[in-house]
Structures are given as structure tokens and as C-alpha cells.
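In the two assemblies presented below, chain A is common to both, partnered first by chain B and then by chain C.
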Partner chain A sequence: MRTPPGVSPSDYAKALTEFQNIVGKEWVFTSDEDLDLYRDAFSPLMNEPEEKIASGAIAPTTTEQVQEIVRIANRYKIPLYTISTGKNLGYGGSAPVYSGSVVLDLKRMNQIIEVNEANAYCVVEPGVSYFDLYHYIQEKKLKVWIDCPDPGWGSVVGNAMDRGGGYTQANYRNHFDSHCGMEVVLPNGEVMRTGMGAIPNAETWQQYKSGVGPWIDGIFSQSNYGIVTKMGFWLMPEPEAYLRGHISCMNFEDLGPMVETLNYLENARITAGFPDLGSPLLGYGPIGQVQLFFESGTHMALPPEHMKLLATVKDGRSPELEAYGKQNDIPYWQFWLSFHGPMEVIEAQWQAAVRHFAKIKGSRAKIVDKTHLPINPADAEKFHEPELGIPSLRAFSIGARSPFNPTPSKGHMWFSPIIPRTGEAIIKANKIFSAAARELDMPLFRTFTLPACFWERSFIFILATPVTTDPATNKKYREGFKKLIAIGGEQGWGEYRTAPLFQESVMNVYSFNNHVLHRFHETLKDAIDPNGILSAGRYNIWPKNLRGKRG
Partner chain B sequence: MNYRDLSTVVRGALMAWCALVTLPVHADGDEHAVGKAVYQKWCAPCHAPGITHPGTHALSVKYAGIKSDVILEWTDLQPFYVEYMVRHGMSVMPHFRKTEISDAELKDLAAYLSRNTPKS
Partner chain C sequence: MMNRRHFVVGSSAAVAAGVFAHQTLSTQQHGTIQAALFDRRFAPTREFGRVAQTYGVDTHPIEGDITTLWTKHLRPLWSRDGGTIVGMTTPSMLLCLEELARDHWHRVVAWVDHVPASDGSVEHHVHVRDESAYRTRSLIDTYRGFSGAAHAMLASAQARRGALETASYRHQDLGESSGTPTLVTWTIAA
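And now, the complex of A and B:
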């Protein structure tokens, strides 16, 4: 039997017995076979001695059980590591950051406590997936939408706590921002409710976010200060109609003005749907259509002459390719805009957007989709489903075997720095990271990469790094990944989220004033969790007893 | 042999998911009611027919000209193989924990998916 580091076998045995008394013997896992199921399926340390593993796993069903487990863990100094659905693939999956921790698996806490149609919110437990919530809403014919990331099996709570994003309207795409109220089990076992939930018999827990006094919800995300057992989210009322179109421009130099125009339109909420940037000329499709490329291989279907000219591109620019684009009517840049709402409103919003882009000489606009909602479920496949609030697993076509990807990967890790919302930054990020990727021999670029627009006001530059079955290759990519983080940091760019293996490197980039932010995080840790039992090491927040001692 | 090494010698892939929050008990007259529900909840999102399901698309390449890319149509699936794939995964298909698919549910799933396999 495995034993958590720093815990005697006899103490661990006693703790396990007490855990079993709380959740039942069936839901305390200690065998190697069962604990292997808590390995990170996409681990970049796969099968290496440093791979992060669990010493045990416990699966409660209620907040009260979580409280009891935390109290027991305090008594025996058992390091716990909390997961929700454990499907945070690419960001650590179900494995602990501090190897040897006991995983607190909240998958069985899967109650949808409330979906309120009248004021468009829900309250869910951590084991509820986007699929669960979506189907609950569909079965009850409620007129609200969820906002989900690409993989629909993720936890609504867990994704928000990891600060993930989605694809519908701007005020719902940021999953942490769209939450309203949480219930948290603190490291001492007490249960706390935030916002208006701190009022006994609160009637507005999901209707006003901050309550009174310091608004502390943020400290529980990407951290290890508590275990969230319930969380509220604002939902989008089902829109009446959907419109999606694109704006195309033919010149390389149009990128900057296009981004400026997009920023104005989005910041003024003239467009609020997910903006998706592509370059037909550079063979770079918008994110919402990546799955189509892997399914149909259309990105492989460029004519030979076009393919040949792609080799002349440097940092996104090629006068020869630009001339080819003009001759063959292939836009250099294409920005997709989407709108949700009453048809007459979104048609007017589209027209206003087109008018603003018309300031760029030669820009052209085209409506691609215009439909009343809800759509026929049979037609959902024609869309990037998450943009219509429909969860799926279709994005796994990226990496999976297909005619266009004969060698499937074993997973991936996302390199995803936040960069400024300018055309200049897009070119600069391509220049810097493509040069680094070449030097580090990492397969991150085809020709050019455009950022995503999950968040308002900033771009996120996303590069998928494959995980392979070859440890030497994985080692090369891991080391390269850390160098990319540092290179981004030198430009003033930092990741929004990262896998456990890179959390220290990423946090090191946030080093203003001698790392005062990180020191503050650990000051909080010492005050809130003096025994260091909760999710040690998550986002490089280590308890005092492990600081500087971990491997 | 490490269990992950085994994945290089076994074939196919099984993935997971769908809608049902709770799984039904055996319904009268349908011995595979639970297995079907587990399939719908955990497998169909990747393995239902059509290339918009990544598992099916992957199998269409792997078994091109050999057999169907839809695992529900396979006639050579053994229960132990289903159980192995669910607990070990393959390629970008992860393994599934017992809090997701319990041992009892996995047996029902394996029985359902191997229902067309001739008993030796």
C-alpha cells in the first residue's frame, strides 16, 4: 500500500479507517490498480519516476462528509488534493500536484441543486459536468443556456475554479467571472458561504455577487485555500436568434486596424459573441472550425502553388502570398463575429459592425449563418456546438487518429500566454514564439498562429504541445515549454493557466517587486491552512512544512 | 510489462459520455438497460456513428476495410477488452475512474458492447 509522504504507515492506516467510516469502504481507494486511475492521462511525465501519483483517493457525496474528511486529514496531517470531475486534461487531470497526496474525488457530489429560469442562474456541486447540466436543462425544457468549454465532460465548478473559458456571449465566456456565490469547506473543516450566502436564509445568493466586505471568492480559484462544494452561476436566457458572419480583408497591413475595430465593437458590446480570427491565405482557420479541419482535412486541400507560397511567409508576412491572395480572391485575414438576441437587434448589430469595418479599405462582409433559435438538435453538428451552448467532445478530433493525423498523440499541454489586443502583438508573438519553437525543436507552429478571444480586452495565444509515448521527446518538450514561459515573461506576457508541472515556472513570471504576489499567496496559505493539508503546490502555493523541501 | 505498454498491443478505443445523470436499473425485458445507459452517458459522445465523433473517426482509419468504425456494431468485442480499455484508455481517450463508471456498471457496459460477439 502506498503511503503519503511525511505520514507514518500506522497513522495512515488509522486515517483510512476513519475515512472509510465517513464515505464507506467502497469509496476509499488504496490499491495500485485503483490509484492508477488517478494518474493524469495526459501527463508529460508519463511512466517516468517523477510522474505524479496518488497514495489514496476518497470520494464523498456531501459537504458534511468533506468537512469530516478535512478534520481527519488535519489530525493525521494527510495531504489531500481536490478534483471535481478529474477531466482537466492538459492541465493536470486527476493527479495531485504534490505526488503522494490523497485525492479528494468530488465526482460523486453531482447534484444540480437549482436551475432558476426566471432569473437565469444555477447552483451545482463540483461533480456536475457541462453535459449533466445541459441535459438537465433540456429535459426540463428550461429556456436558459450554459456556456461550456470544448470538452463537455468537464466540471462546471472545476472549470470555473481553474478559470477556464467558453464560447457564447462575453459576460458568460469567463467562467469564473460568471459565478455568483460559493460554498467552501475551509482547511479547518468549517463550511463558509460567500457573497449574499453569508446571510442565514439568504434569498439573493445567486443574484448579487460580492455581499459586503472583502470579496474573497477569487482567492479560492487556482489555489488551495478551500474546497468548493457548491457554486452558483449566471446563465444566459435562451436567445431568440443567432447570426454569424465574417469580415475579410486582403492586405497584411489590415490586421492592426481590424483588431482595433474589433476591440471597439466588443468593448462597446456591439458584438458580444465569440470573435474568431482566421487567415484563409495563411491556411489558419478560426478556432471554432479547427475540428472541421481535423474531420474533413480541408486545411490540407490548398493548391500546390498556394502551399509553395506559404514557405515564403516570415512572421505572417509574404508579399508574394498577398499578391496570390488578391489574384485568387483569398482574404489575408477573416474575423468571424457572432451575435445572439432578437433577430431585429442582431441584424442591426451586424450592420453596425460592418459599417465600422468598412473604414478599412476593401473590407468585405458576409453573413454565414442566420437562424432562429433553438436550432433543431439534428443540425447542431453543422456548428461549433459550444458557440450555441451545446457541450460535446468533438474537439478531441485534435490529436486523435484521423486520415489527416495518422499518428495520434498521447495528449497535449497548452502553452497559452495572455498577449495585448493589438495586431502588432499578434505579429510579435508569432515572431518570438516561432523563433523559440524552431530553436527548441518543438512542433508548435505550422505557418502562423492567431490568438483566441475568450476573454474581453486581451488575446490569448494558444499553442498545443503534444505529449508522446517517448520519454526523451516528452523531456525535450517539457524543458522547451519552461523556456517558452520564460521567453514570454521577458515580453511581459504570462500564462492564464497551466499544468502542474509548469505552475512554478509560470508563477515565477509574475515576479513584480521580488515576487510579492507569490509571497502574499503563501502568507495566506500559512494563515488559512497551517497544517498544509489542502492541495499542496497548486499554482506553486506550498505550505510552510513543504516550502523548499519538495522535489 | 507496464499496463500502458499493453495499450500498444490491444486494438480499438472506447470513450465516454452523454446525458443521464443517474443510470437506470435493469428494466423489465431489457437485460442491457444499464449497459446501454452507461454507453449513452460515457461512450456515445465519442463513439456514436459519424466522423464528428472522434473515437469513431479514429477507428474508421484504424480498421478501414476490416470492420465497422462503430463499436456498437462490432461482433468480436470481448468483455475483458471493454473493461481494459475503459480502465486504461488509448491515445487521447483517457481512462475512467470508478467514481465515473463503477465496476458494476462496467460489467453491464461490457456485456452490452459484447452482446453481438458469438460465445465461444
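And now, the complex of A and C:
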């Protein structure tokens, strides 16, 4: 039996017995076979001695059980690592940051406490997945939408706590921002409610976010200060109609003006759906069509002459390719815009968007989808389902080895830097990261990479760094990944989220005034969790007893 | 931790004694298999579906996306009583199913990777628990190639205890790999 670091076998045995008394013997896991289920399927350290593994796992069903588990962990100094459903592959999965921790697995806490249709919000426990919430809403025929990532198998609470996002309207896409109120078990076992939930018998817990006094919800995301056991979210009222179209421009130099126009339209809420950037000329498809892109092999179907000209592209630019595009009516840039709402409103919004883009000489607009909602379920696969608030597993259809995808990886680590919302920043980031990736022999930023628009006001690159079966290659990519983080930091860019192996490197980039932010994080940790039992090391926040000597 | 022993069985290896022809298998031996999944896009996976039907197993064709199958069949199955399923799919589809199975404390207990080689042959990498290894290898030796893997999974799906054993062999049937991607035959159980 594995034992948590720093815990004697006899103490661990006593703690396990007490855990079993709380949740039942069958919900405390210690066998290697069961603990293998808590390995990170995409671990860049897979099967290496340094791979992060759990010593045990506990799966409670109630907040009260979580409180008792935390109290026991305090008594025996057992390090716990909290997961909701552990589906954040590419960002760590179920494996603990501090190897040997006991995973506190909340997937059995799967109650949907409330879905309020009239005021469009919900309250859920951490084990509720996007599929759970979607099906609950469908079964009860409630007129609200969820916003889900792709794939939609993860936890609603967990994705928000990791500050993940989705694909519908801007004010719902940022899942942490769209939350309203949480219940948290603190490291001493007390339970706390935030916002209006701090009022006994609160009637507006999910209706007003900040309550009064310091608004502390943010400190529980990407951190280890507490265990969130309930969380409220604002939902989107079911829209009446959906419109999706694209704006195309033929010149490389159009990128900057296109981004400026998009920013205005989004910041003014003329368009609020997920903007999706593509380049038909560079063979770069929009995220929303990635399945079709790989399934059909569109990018590999480019004519030989086109493929040959792609080799002339430098930092996204190629006069020869641009001329070829004009001769063959292939746009350099194509921005997809989507709209949800009453048909007459979204048609007007689209027309306004087209009018603004028309200031760019030669721009063209085309409506691709225009439909009343809800759609017939049989038609859902014609769309990128998450943009209609429908969770899907379709993303896994793209990973197969095929003539169009000859070397699928065994997993990936997401490299996700935030950059400014300008065309210049896209080009600069490509120039810097592609040069670095070439030097590091990393398969990133090859021809030209376009960022995503999950968040308002900024761009984000979300690039998969492969995990392979070869330890030497994985080592090279791990080291290269850390160098890319530092190179981005030199430009003032930082990741929005990262896998445990890179959390220290990423936090080191956020170093203003001698790392005062990180020092503040650890000051809080010492005050809130003096025994250091909760998720040690998460986002490089280490308890005092492990600082400088963690494994 | 898993004990991975590697050895190679040549493609011309003699058929081992004591093989289990599928016609002789009692329904009791595979009675716990709740469903068989196959990707209908590829010839070997369609053959897997056909073989599964001969075993009387409830078969489910899929075409890349398993969302509907998971929500309507697998999730209720695993939520209710749990259950063993077998299949032949792409590796990415197995990854998806493996992660979904974790939610119910189910896991991949045996699998055979089918990797096309450049000469048109297929390398079959067998990963099974040791208590079923003998029977699995025998079945694969009997039926060869994709078909052997199908029979092996269906015949030995109940075995899940013991150390993991790995074997590899190359099957020189040039016809069966034509145009197919890497595939995997697998068993998921509690």
C-alpha cells in the first residue's frame, strides 16, 4: 500500500479507517489497480519515476462528509488533493500536484440543487457534469442554456474553478465569471458561503454576486484555500434564433483592421457569440469546424501549388501566396461571427457587423447558418454543438490516425498564453514563438497560428504540445514548454492555466515587484491552511512545511 | 503497479494446443458482456461487430462520435449496475471511453493494438491479464489478426485480475489492413 509522504504507515492506517467510517469502506481506495484510475492520462511524466501519483482516494457524497474528511486529514496531517471529475486532460487530470497526496474525489457529489428558469440560474455540486445539467434541463423542458467546453464531459464546478470557458455568448463563456455564489469547506472543516449566501436563509444567493465586504470567491479558483461543495451559475435564456456567418478579406495587411473591427463589435455587444478566426489561404480552419476539418481532411486536400506556396510563408506573410489567393478567390483571413437572439435582432446585428467590416476594402460577408431555435436534435451534428449549448464528445473523432492525421499523439499539454487583442500581437507572437519552437524542436507554431477568442478583450493561443511514448521526446518537450513559458513572459505574456508540472514556471512569470503576488498567495495559505492539507502545490502555492522541499 | 513483460510471438508460430474455438464457448463464459461497440467506418471493426453478434452480444455501431451511445446506453448501464463492454475502435475513441469509464470506477482491463505497417501487414500488440493470457494467445493463434483479437476479447472479457502481460506479433495478411488506421480491440470492466 502506498503511503502519503511524511505520514507514518500506522497513522495512515488509522486515518483510512476513519475515512471509511465516514464514507463507507467501498469508497476509500488504496489498491494500485484503483489508484491507477487517478493517474493523469496525458501526463508528460507517464511511467517515469517522477510521475505524480496518489496514495489513496476518497469519494464522499455530502458536504458534511467533506468536513469530516478534512478534520481527519488535519489530525493526521494527510495531504489531500481535490478533484471534481478530473476531466481537465492537458491541464493535469486527476493526478495530484504533490505526489502521494490522497485524492478527494467529489464526483459522487452530483446533485443539481436548483435550476431556476425564471431568473436563469442554477446551483450544482462538483460532481455534476455538463451532460448532467444539460439532460436535466432537457428532461424538464426548461428554457435555459448551459455554456459548455468541448468535450463537455467535465464538471461544471471544476471547469469554473480551473477558469475554463465555453462557446456561447461572451457573458457566459467565461465560466468563473458566470458563477454567482459558492459554498466552501475551509481547511479547518468549517463550511462557508460567499456573496449573499452568507446571509442565513438567503433569498438572493444566485442573484447578486458580491454580497458585501471583500469579494473573495476568486481566491478559491486555481488555488488550494478551500473545497467548493456548491456553486451557482447564471444560465443563458434559450435564444429564439441563431445566425452564423463569416467575413472574408484577401490581404495579409487586413488582419489588423479586422481585429479592431471585431473588438469594437464585441465590446459594444453587437456580436456576442464565439468569434472564430480562420485563414483559408494558410489552411487554418476555425475552432468551431475542427471536427469537420480533420474528418474531411480539408487542409490536406489543398492543391499541390497551394501547398508549395505555404512553404514561402514567413510570420504569416507571403506575397506569392497572397497573389495566388486573389487569383483563386481564396481569402487570406476569415472571421466567423455568431449571434443568438430574436431573429429580427440578430439579423440587424449581422447587418451592423457587415457594415463595420465593409470599411475594409474588399471585405465580403456570407451567412452560413440561420435558424430558429431550438433546432431539431437530428440536425445538431451539422453545427459545432457547444456553440448551441449542447455538450458533445465529438472531439474524439479527430484523434484517429488517418491519411490526414498521420501521427496522432498519446496526449497533449496545453500551451495557453494570453496575448493582446491586436493583429500586430498575433504576428509578433507567431514570430517569437515559431522561432523558439524551431530552435527547441517543438511541433508548435508551424506555418502560422491564429489565437482563439474565448475571453473578451484578449486573445489566447491554445496549442497542444504532444505527449508521446518516448521518454526522451517527452523530456525534450517538457523542457521546451518551460522555455516557451519564459519566452512569453519576457514579452509580458502569461498563461491563463497550465498543467501541474508547469505551474511553478508559469507563476514565476507573474513576478511583478519581486513576486509579491505569489508571496501573497503563500501568506494566505499559511493563515488559512496551517497544516497544509489542501492540494499542496496547486499553482505553486505550497504550505510552509513543504516550501523548498516538496517532492 | 502493472508488470509489463514483453515477448514476441512470430507470425508463423504454431497454433498452441488447447485452443478455444468460438463455437465451443458456452454463453456463460461471455455472459457478463453487456455490449460490444464497433466503428462502422472500417472493415476490421465491422468484422468485429459481426463476430460479436455470433456470440449473442448486444452490438452497437458507432461512427466517430459516441455521444449518443454513451448518454443513452453506456452511462445508464454503468450507473445502474456497472458492466463489461468490449469493442474495436480508434485509439482516441478508446481514450474517451476509458475516461468516461473512470467515472464509474471501470477501467480498460485488456486490449490489442492493431498497428498498420508500411508493408501492408499489421502488428498486433496484445495486453492482457496473466490469468487470461494463455487463452487469449491461443485464440489469436487460432484465428489470427483482427478476427483473433475479436474472439479473444469476447472469450476472455471476464478476466481482469493479475499482472498485465504484453505480447506482440505481426500478421502478414496484406489484405486486412488496406486503408485502415491504427485500431484497438479492448475490454472495459469494473
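Worth a mention:
Assume the second predicted complex is superposed on the first by the 539 of 551 C-alpha atoms of A that agree within 3 Å, B and C clash if a C-alpha of one lies under 4 Å from a C-alpha of the other, contacts with A are read in each partner's own complex, and residues count from 1 in each chain.
Keep in mind that, in the parts below, a contact is a pair of C-beta atoms (placed from the backbone, for glycine too) under 8 Å apart; a residue touches a chain by one contact, two chains touch by 3 or more.
Worth saying up front: this structure is predicted, and the values here are computed from it rather than measured.
Overlay on chain A: chain B and chain C clash in the combined arrangement. Using the contact criterion defined above for the overlaid structures, shared-chain residue A:R394 touches chain B and also reaches chain C.
In the overlay built on the shared chain, the residue A:Y136 is in contact with chain B alone; chain C does not reach it. By the touch criterion stated above, A:D470 is placed in contact with neither chain B nor chain C. By the document's definition of touching, neither partner reaches A:E64: not chain B, not chain C. Using the contact criterion defined above for the overlaid structures, shared-chain residue A:E190 touches neither chain B nor chain C, since it reaches no partner.
Counting residues of chain A touched by each partner, chain B versus chain C, the larger count belongs to B.
In the superposed pair of complexes, A:I112 makes contact with chain B only, with no contact to chain C.
In the superposition on chain A, the residues of chain A contacting both chain B and chain C are 34, 36-37, 41, 85-87, 89, 94, 107, 131, 135, 153, 295, 381, 392-394, 396-397, 399-402, 408. The residues of chain A lying in touch with chain C in their complex are 32-34, 36-37, 41, 85-87, 89, 94, 107, 131, 135, 151, 153, 295, 381, 391-394, 396-402, 408. By the touch rule above, chain A contacts chain B in their complex via residues 27, 29, 34, 36-39, 41-42, 46-47, 57, 59, 85-87, 89, 93-94, 105, 107-108, 110, 112, 127, 129, 131-132, 134-136, 138-139, 152-153, 291, 295-296, 381, 392-394, 396-397, 399-403, 406, 408-412, 469.
Of all residues in chain B, only 2-4, 8, 15-21, 45-46, 50-55, 57-58, 61-62, 87, 89, 91-100 touch chain A in the complex they form. Of all residues in chain C, only 1-2, 64-67, 70-71, 75, 90-93, 95-96, 98-100, 102-103, 105, 107, 181-182 touch chain A in the complex they form.
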